[in-house]
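Notes follow the structure.
Chain lettering (A, B, C, D, E, F, G, H, I and J) follows the sequence in which the chains are written, and residue indices restart at 1 in each chain.
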């Protein structure tokens, strides 16, 4: 079951630089782990913005919320979730 | 080069039904042709809406505009295009 | 799996009255059938508007989209879907 | 008398962690107490957001405002209230 | 129990003038009847717009929705309802 | 001459509590004084929000601006003013 | 007492051209009459739009509403009114 | 003196096709004439939309408004004008 | 050449009071100097807001930007500029 | 391949002045280097705002994102990117 997710990162400018780096490092590891599991199916940078569009493949809404709220950057992100369905013209 | 495209279809309710059906049939054929060529990489229905999110893979902005403006439903759609870049955490 | 759905109905004022009535009658029957099946878990009128907030309980995004796009009033509605998850403070 | 309420939580990042935890603990207890009384009829997490949609069942607007403004997280939330009425197609 | 209601009237320009006049005459009579009953407590014109702000005093949400959806101009209005509570600084 | 005024209060969370209380106490006294004079004709709490809708009865725009900008909470409020006129269907 | 007024004109494209011309001619005469009286103090075209910003000088809100709602183009305009006060830095 | 202008074209779907074609032909000729004069300095298509971004080089606001309101498509366009100034980092 | 300018002032609440006063004093002197030169043609307070609408009369866009960006309050303001043209119905 | 880019700068008021100046100096050098290479084709100030509209000429979306995210002011800017295509009426 697919969901399109947009994440906009807004790290407060007075967050210490080393703390920010540590959070980003954990975010990257966490994200790549989910990608390898096939849960985080696609991850794109939005050109010119500290933001991404992603496609998640999950079993339930609860599974998706648990994943997203466990993101190390979650407290510093604005997230929008759009549920997707099969399109009748899709050849896949 | 990837682009996320959202298309919202708004067919006027006084368009004759057979004309609408004929346009939709051409739209489907055109879309599937581009999908087979690998240009229209992904096509998802937005749940509950007459709308889709799509990913296009093209060489240039001009190529993308030509494709989109040639859609049989183009006169009846609101389209938003977001350019995408490689994300540093993507494993692909 | 729960989803909050808001539906805003906008019937064109030049749609013949009997056609509108016939569509609304089918809408009501269809809605009550889904309610009896437990799929359309709650249905509330928004005070002062020709709109409703509903809660759907479905297995997949595809099932929800099929249900919503089969609504007799679907061509005359603006629909917004919000996926819901279990809240950690909920006692249910 | 039912109301749909959306609450978006925005805790300032420089609020001390223990103070934040203490507020959240009180919020949970308060919320569960109202749920047990049947006043806070439903409580759902919005997927991907630090937000909820809730249904309240109260006697008056004043009762609802007193409940909401007494939430321990009230100073850190954006709240939107939508009054609901019986829907003529509802089978309940 | 008080509610602030904003109504914006949008009569389609191709509605026959006599039908529009007949609807407006019924609207006025209906409105004045509710005002005399004390249900429609205040009715103000928004300067420069075909719109009003009103205060309603009702027992329940259902009563308010029944009143508003029975307005002869209801099919041609956009209505927004805001529930009001007693303000702690009010001297009334 | 009547005006509808909406005030949204946003007190910065790092304002010392005693200073905030002192400002609110002055706000209340100031507001009740204007109410007793008949200038601040109505004052309603918006349910679920730290906000109010008010009706002011003043001689001129300048008088209204002087009143509003003298509110002790003025530096912490977002204010919107809507000029009102007599409605032709009003029975008052 | 001054008000800033923005008017956006939207004449339906299927209004007969001669009727539109007749309305515009009356609008111009009406506008110039109010300008000569000093009521319509300033009238500016918004560059690139079928819209204007105007400054009105009136005694009351009711006088302003009567003037604006009597505009021959009133049924085809979206109007926004902003009440103005004396600015403490103004040298006038 | 430079201005950025965005034009969104919305031709009503019931405008006869030959009339639409005739207007577009005149629009093209008019546009190319202004481009050759150096007044319409740049003209870009917005990818995926029936819209353009343009840069105009004019002597006055009045000259720009006269140009834009003389566009054959003017009655069918939504236009937004942004005045531009020299940027201190520009090397031109 | 006329421009309508709206300025919304947002002074951070933790700016020292004497610094704020000193900036405002310079703002007033600067504004009155431009008014005396006839450049800042009109200056109105928006009722209920720390904001103004102004009319500037300048030779070029560059002149206007230089004036506005030299305002002592410029770092604390949100400014919107609308270019104005002569209105065909204006009697001036 | 052209892109229109709007950048809005928002430097936090508590950033030390010398750090801000140092960042702006690097921004200017970086911008002028890209302009000399022909990548940053045009750079305009938006009148009255700490913002610019720019035109970039790049080979790919990735190249554009790398350029924009390397701007010294990037952490303090809101950036919007619009892909442009050749316009059929352009004479260039």
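Heads up, the rule we're going with is that a contact is a pair of C-beta atoms (placed from the backbone, for glycine too) under 8 Å apart; a residue touches a chain by one contact, two chains touch by 3 or more.
If you're wondering where the values come from, they're calculated on a predicted model, not measured in any experiment.
*Asks:* Counting hops between chains that touch, how far apart are chain D and chain H?
*Replies:* So the least number of steps between the two chains is 3.
*Asks:* Applying the touch definition from the top, give me the chains sitting in contact with each of chain F and chain I.
*Replies:* A chain counts here if it touches both chain F and chain I, which gives G.
*Asks:* To bring chain I onto chain J by a C-alpha fit, how many degrees must it turn, rounded to the nearest 5?
*Replies:* 70
*Asks:* Just give me the whole-number Å value for how far the CA centre of chain E lies from that of chain F.
*Replies:* From the centre of chain E to the centre of chain F is 23 Å.
*Asks:* So the centre of each chain is just the mean of its C-alpha atoms; given that, what is the distance between chain C and chain J in Å?
*Replies:* Chain C and chain J have C-alpha centres separated by 45 Å.
*Asks:* Between chain A and chain J, what distance separates the C-alpha centroids? Give it in angstrom.
*Replies:* Taking the mean C-alpha position of each chain, the two centres sit 26 Å apart.
*Asks:* If you look at chain E, which of its residues touch at least two other chains?
*Replies:* Residues 2-3, 14, 45, 47, 61, 64-65, 81, 83-86.
*Asks:* Kindly provide every pair of chains that touch.
*Replies:* Every touching chain pair, ordered by label, is A-B, A-C, A-D, A-J, B-C, B-H, B-J, C-D, C-E, D-E, D-F, E-F, E-G, F-G, F-I, G-H, G-I, H-I, H-J, I-J.
*Asks:* Taking the touch rule as given, give the residues of chain G at its contact with chain H in the complex, in rising order.
*Replies:* 13-14, 45, 47-50
*Asks:* Can you tell me which positions in chain D touch chain E when the two form their complex?
*Replies:* Residue list for chain D touching chain E: 1-3, 60-62, 64-66, 81, 83-86.
*Asks:* Provide the residue numbers of chain C that touch chain B in the complex, in ascending order.
*Replies:* Residue positions touching the partner: 3, 5, 12, 14-15, 61, 64-65, 68-69, 75-76, 79-81.
*Asks:* For a test of understanding, state which residues of chain B touch chain A in their complex under the given definition.
*Replies:* Interface residues on chain B, with respect to chain A: 2, 4, 27-28, 31-32, 35-36, 42-47, 52-53, 55, 82-92.
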